[in-house]
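Two complexes, one shared chain (chain A), two partners (chain B, chain C).
Let's look at the complex of A and B:
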């Protein structure tokens, strides 16, 4: 069956595909960084002991986790212009949606990470005169991050693969670019195969990075 | 230096401390002992406000610890504390462990903090391990680093919460030696411990607790000579006679 395939179209499609890939990576990177920061704040809010702050954070996380990402992408894209009166564009909309959505998942990971640090560490930090925020910033969060790096990066794999969902609002990511090229040259199957290979190569490289990071930053116990 | 006045504390319905009163003068070494669950660790954690109290007053260096208006971080920065499980920061090297408080809390420069840190490491005999991580050191070494970390803040008094309870027997003496030196230098110390040898050697007073109450508060000689309470006599006979 492979005799009917023609991969000679790939070089022709490369520029468009790279552009798509660049957007997928940009989306992943921004949503990861923004999501981890926002997620950490959500986790701190949930652990703060403040009744309403904690509840608000939990409500946010519960909502985000119970609605499919595809729905979020569509809702955000169509609802925000209705509320604000002006369109925000596919790419910006996708970036904001992904950041907000990922924050919910990262926050649960960070919460587990923070809770995995023994209470005695907080006491030790407070005992040398650190404030609550200093003890978080210098003692608890750095350890929580290190402990959670494998899980945070696993979540990032999922994020990277999920960026393909932005096709729903017409943003051109890696998958969409390949699809367009496939249509243009009448070689859809080849393009899907090629793009799968790219997804695999990137995820495989990432998993190597995870292994390396684990060795480098793991806490000696 | 430290005054504990009629302190009571509850965990929910359960009363852990009942009307505890004692005090520690400047330069005094007071050993707090008693059976497990007697509230001695809880009491010492109340002294620097790591645990809240519901009744009574705790005053350290003239400042009331359990007053909501007290700047606790500032007060704690000059009350050194050593924990049962060392609680070094595992993601920092030994010298970083000693420098972090000096830099972030006292506002010293990194160089100044490192220099002071190295001096203290030398003093507790860990200088050669300055760039290692806590996980690479033995328990006894880690606890000596923890003492050095507390000293790096130039404390006006030191609190020890069962500093040798988590150590293998052969490591206990290296930690006690450091503490004995400290006591001889005139440091004000409150020490929760079962090490009666240490108490005999350097303590001025011994406080005996049972079921959240201070049952006995006597000078060392009185305590080891003839404790007044039956409970303290029983306790002593159990831990001294084997």
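Let's look at the complex of A and C:
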């Protein structure tokens, strides 16, 4: 039982654990920023009214959303070296995969956000002489983004948890770091318990933030 | 890109036996479907109970439901699977732990679907709670006013309505169960991801063939789940009630 547990290895493993945590957070942050930007462009493409552009964006989003992330991680990891002729490493492969994958999910959120803004605002912006990009950049997107902040954060919560799946290609994230340290010191059980606490603390804080944002941000219509 | 396609790879036998890769993939599909469906049963039963508990008047029961959801939602699925597989057996009394580690039949499969089921149950619970809370307050009051007990009100008034209006969000959770089942490969279940990775390694470069067939099978599984739920939704649909996702 618990008496056989030895948590004294945790201080020894801390530097390695922090390094893993740093990668998990870095991956989350890059994939979030890249995903939101790419996702917004995808959403604009879908709402542009252009037949082929809209279809292409929809196809991309549908494909990404119907394939398991774990499978996607493997695809990119094995396919990028085939296309470029050289391996790019687990970490880079993970970053590319997550950004492209999350973009599909963020794009659905941004699409809903853009659609939550009354059409009259686009017309008004165009009527005062703004170009399409000006009307989007100054009028529609800032409001759409603001309305969707809680939902975007919820998606980021999912994204952060999903970063643990880079285990499949051996990138050293928080979970993998725990496994490595556990094997090094022969204390796998303690390491897993410790790291699940870290995951819990971060995710719990994020979900509290989402709740707070939900109360603060009333949807403007 | 210099890629040598070789679809015949599926009719080669695997190094460790006399099965073909095609047969292996079909077995893998079997495990994927079994894990997902078994997990879905757990998720639906426990998720319904916990989601309902979150809406009852009793504070203690509400707290249990709340704690359940927070506990299973705030740790990544893969981490939870490792906890069940590597940590929990060590926490059991010695004899039980030894039995789990050495003698328990199909322990990889059972651990995998239980872990996936519990993880999914927290998400189902949230949908059930949202469904119950989306009902007009008057329905509960009406139930109580005609002399139903709290339990009867849930059984005959609230839950039949709530379940019918949350079928669309439950559909995506059902599909997620299939998509998430791949983590089972990490504890050694020979499901689709496992087979796919193994094929990439063993066939010496038939990467695309090895990945594309399992990928298509995953899409078909998710599509089948979607269609099944669509049939149920068509029959159970309540006109005029929509729960926002």
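We take it that the second predicted complex is superposed on the first by the 206 of 221 C-alpha atoms of A that agree within 3 Å, B and C clash if a C-alpha of one lies under 4 Å from a C-alpha of the other, contacts with A are read in each partner's own complex, and residues count from 1 in each chain.
FYI, contacts are C-beta pairs under 8 Å (C-beta built on N, C-alpha and C of every residue); 3 or more make two chains touch, one makes a residue touch a chain.
Here the structure is a predicted model, which is why all the values come from computation and not from measurement.
Participant: Using the superposition on chain A, decide if chain B and chain C clash or fit.
Facilitator: Chain B/chain C on chain A - fit side by side.
Participant: Does the superposition put A:199 against chain B (first), chain C (second), both, or neither?
Facilitator: In the superposition, A:199 touches chain C alone.
Participant: Once the shared chain is lined up, is A:22 touching chain B (first), chain C (second), both, or neither of them?
Facilitator: Neither chain B nor chain C is touched by A:22.
Participant: Once the two complexes are overlaid, how big is the angle at chain A between chain B and chain C (Cα centres, nearest 10°)?
Facilitator: 110
Participant: Of the partners chain B and chain C, which touch A:143 in the superposed model: first, second, both, neither?
Facilitator: A:143 sits against chain B, while chain C stays out of touch.
Participant: Contact-wise, after the overlay, does A:121 reach chain B, chain C, both or neither (first, second, both, neither)?
Facilitator: So A:121 only meets chain B here.
Participant: Considering only touches as defined above, state whether A:130 meets chain B (first), chain C (second), both or neither.
Facilitator: In the superposition, A:130 touches chain B alone.
Participant: Compare chain B and chain C by how many residues of chain A each one touches, and report the one with more.
Facilitator: C
Participant: Under the stated touch criterion, which partner chain does A:209 make contact with: chain B (first), chain C (second), both, or neither?
Facilitator: neither
Participant: Just the number, please: smallest Cα separation between chain B and chain C in the overlaid arrangement, in Å.
Facilitator: In the combined three-chain model, chain B comes within 24 Å of chain C at the C-alpha level.
Participant: Share the list of chain A residues that count as touching for chain B in one structure and for chain C in the other.
Facilitator: Dual-contact residues (chain A): none.
Participant: Quick one: which bits of chain A touch chain B in the complex? Just the residue numbers, please.
Facilitator: Counting only chain A, the residues touching chain B are 118, 120-121, 123-131, 134, 138-139, 142-143, 146, 219-221.
Participant: Provide the residue numbers of chain B that touch chain A in the complex, in ascending order.
Facilitator: 45, 48, 50, 72-74, 76-81, 83, 85, 87-91, 100-101, 104-106, 133-136, 149-150, 153
Participant: Going by the contact rule set out above, which residues of chain A touch chain C in the complex?
Facilitator: It is residues 1-2, 4, 66-71, 74-75, 78-79, 82-83, 161-165, 167-168, 175, 179, 188-189, 192-193, 195-196, 199-200, 203-204, 207 of chain A that touch chain C.
Participant: Which part of chain C faces chain A closely enough to touch in the complex?
Facilitator: Residues of chain C touching chain A: 1, 3, 70, 73-80, 82-83, 86-87, 90-91, 93, 178-180, 182-183, 185-186, 193, 196-197, 200, 207-208, 211, 214-215, 218-219, 222-223.
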